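For reference, the structure discussed in these notes is given below.
Chain nomenclature is as follows: A, B and C, assigned in order of appearance, with residue numbering initiated at 1 for each chain independently.
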Amino acid sequence: MSALLEVEGLTAGYGAAAVLHDVSLSVRTKQIVAVLGANGAGKTTLLRALSGLLPAERGRVVFDGLDLRGVKVERMVRHGIAHVPEGRGVVTELTVDENLRLGSLWRKPRPSNDGIYELFPALARRRDHLGHQLSGGERQMLAIGRALAAEPRLLLLDEPSLGLAPKITAQIMALLRDLRDRTGLAVLLVEQNVRSALSVADEGLVLSLGRVVSRNDAATLAGDADLRHAYLGF
Amino acid sequence: MDRFLYLTFDGLSRGAIYAAFALALVLIWRAARIVNFAQGAMAVAAAYAGYSVTNATGSYWLGFITAVAGGLLLGAAVERVVMRFVDHSSPLNGVVVALGLVLIIQGVLGMIYGNEFRPAQAPFSRDAFQIGGVALLSRYDLFVFAAVGTVVALLTLLFTRTPTGLRMRAAAFAPDVSRLLGVPVGGMLTLGWALAAAVGSLAGMLVVPTELGLHPNAMDLLFISAFTAAVLGGLDSPVGAVVGGLVVGLLLAYVSGYLGATVAPMAVLILLVVVLLGRPDGLFSKAKARTA
Amino acid sequence: MVSAPKKVAISRKKRQRISPLLVVIPAAALILALTYALPPFRNYQLATVGAYLCVTAGLTVLTGLNGQLSLGHGALMATGAYTLALMQNRFNLLVAGIVVAVLVTTVVGAVIGLAAARLRGPYLAGLTLAVAVVVPSIASTFDETFNSDQGLTVALEPPPDAITVEQWQAWVCWGAALVTVLLLAYLIRGRFGRDLRAVRDDETAAKLAGIGVARTQVLAFVVSAACAGLAGALFAVLAQSVSPGAFPLTLSLFLLMAIVIGGLGRLVGALIGAVLLVALPSFAQSIAESSGSVRLEGNLALTFFGVVLVVVMLAAPGGLTSLTNLRIRRKSQKGRK
């Protein structure tokens, strides 16, 4: 089965200093791939390079047959790629409802936000609150909900568990699994929280100092004690 | 008392113009974190364009439309051609480039039109009509209120009710996130500059008939007054800009009326100093320091 | 990125080895010789460069080394010029007049500086712009002292018979300019200069290092105001009159342009800027004259300055003297992003 996202030999970084070296990976439809690794391994940089926020120096990024290297950041979402950046990326000066509308503004006809509110009832209750009035968990839901409002085929998700209570993290992971099974959504999930990431992922890859050091199915990775000790710290 | 009433209406009319001009400054500040020091010069350029059209066609309104549309184009051009390429790592750079634009615009206008004052006509009489035996305000004042009121209403609608307004706000607050959500951030910035310059040009068209006439330096004092108004309002706040504009207008009217017109510029300076030092965040801003 | 700091360190060391005296003394000799060789009109231009150098050198310290942008130095020059005019017309003692002009401007500068130290970026620019626009109107408000738009004439003792007025003006202006540059050069190479740069680069870090941020900023403003007062007094001597029209907002913008183009933060840049301030208008003037258009006069220079300012800011925000370091800077900037 051919992959939805195919990355080959991606090298990217800031100025002369490359952060990612020769990274290759693939994500299929209806698959969750976790990107694991310590702080500074290049996980966030990988997502930024994929969505075009950071120009890639070398390598091939193909999404459903389309070479993404020529696509502008603001066009990515139209091709079906949604990126939820680190630190959640809620526009704190806008209300919940405005944030959600922003997610699907380019679509014609513009869908209502009702579907997202059904998915996240907590957000429906706060629809007229400003972003900065929300709790950390609500912001994460809003960021994910806003990405889903674009009905993407691939979700790039950066550290959704950061700063959240375990219970809320578990809810989010369950939601991802559900979306995958129900809609066929593909997810590239960057996580520090290895356990919860591998609990939901189909496959995982481990980055260390910007290189892929291991790529395997989730269960195998979770069971690989050496790898866990060497790169993931548990 | 009659005089006080007259000065109050005069002040509100001036203040409405300052409010529109301050609003233009706030629009660009919110979109790009630049105080557009070239706003006055751009408004003068637009007013000259309007002046030429009015002279050629004999129609004030064609000139008026030309000026506002010219401001729109000039704003977009300034953003696209110059401001986009300024290194914004230091806030000084944007200011210096804007001042360079002031020199260019004033120089070019002087070369085309000369440096003497050109009398500009008003579309309505500036003679105050009597209400209950008291001269209060003129048809021109009413025109000013209507024009500025319309602009404020349209901008409010744009920003709160339309998808484009939502995009513009999002692009200003969080450019990277907005791009990820499909907002063409660069285009929104250009649009912001264009709109702001159009509003500034409108304010310029409104102020010209109340002054000595058209001159390359005609808007220097308007800029200072409107900057004071914007700072008074907090620089971040459109509502603050409007209120600030009215306050500055009233102050200038009372000072000119009771102390003499030559004292008015100094009153603006003193107000600016008092606001900057006494109430550093303005009256309506949530921002913390004047360090931007 | 790796090589940049090394190179900067070397060039800075090289610069510091040269004593300012070794530059200023030969310069003085050269100027003196020039004043004998040049015709009166050129001497007048030379003198004007000297007068401009006083204020651009001061602004270099304020904006280039301390990062404060002032658009009000044209108004400070007016303060110095008017003080000198009033002093001269009363006592006719040039040296005393100049000293008092500098003192008065210093005090005015201290007042603005106290306000300025609490303001940053566009706020400071806006306030000083207001000063530049409003101050000339003071002349009309107190017209019995300042004689409104006509201004005042400046009474001056004629120079000794052997030399022309222009040559004498060149001596006065360059004497003052070289003393100013010398004092500033010694001032900024010491602890004060370090404090200035530290405050410009990172206020918080400077504060943590025990530098009085506000004090340093006020001091920088005062120093540059004194320089502007001196320049203003010299302008009064040059024109033998003062009027509000001689100190418009454009003058302040020209000064800003001069230091930006010359290169922010180096006294050599201040000299380049001062020369441009005389050379560019003169060049534009000759074009205007040969084309026979009255409207080009002045306005061509204005446009010139504006274009140069914008182009330099887009190509090399550090000004002409930074062009040599441009490639290095670009690289290191890229690295930081």
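We adopt the following convention: a residue touches a chain if its C-beta (ideal position, glycine included) is under 8 Å from a C-beta of that chain, and two chains touch if they have at least 3 such contacts.
Quantities reported herein were computed from a predicted structural model and do not represent experimental measurements.
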| item | value |
| --- | --- |
| Chain at the geometric heart of the assembly (C-alpha centres) | B |
| Distance-maximising chain from chain B - centres being C-alpha averages | A |
| Averaged-CA centre spacing for the pair chain B and chain A, given as whole angstrom | 44 |
| Averaged-CA centre spacing for the pair chain C and chain A, given as whole angstrom | 55 |
| Geometric centre distance via CA averages, chain C-chain B, whole Å | 31 |
| Interface residues, chain B side, partner chain C - complex | 34-35, 37, 82, 85-87, 89-93, 95-97, 99-115, 217, 220-221, 223-224, 227-228, 231, 260, 262-263, 265-266, 268-269, 272-273, 276-277, 280, 289-292 |
| Chain A residues within the chain B interface of the complex | 51, 53, 73-78, 82-83, 85, 89-94, 98, 101-103, 105-106, 110, 146, 150 |
| Contact set on chain C toward chain B in their complex | 63, 67, 69, 71, 115, 118-123, 125-127, 129-131, 133-134, 137-138, 140-141, 248-250, 253, 256-257, 260, 293-296, 298-307, 309-310, 313-314, 317, 333 |
| Chain A-touching residues of chain B, taken from the complex the two chains share | 163, 166-167, 169-170, 173-174, 176-185 |
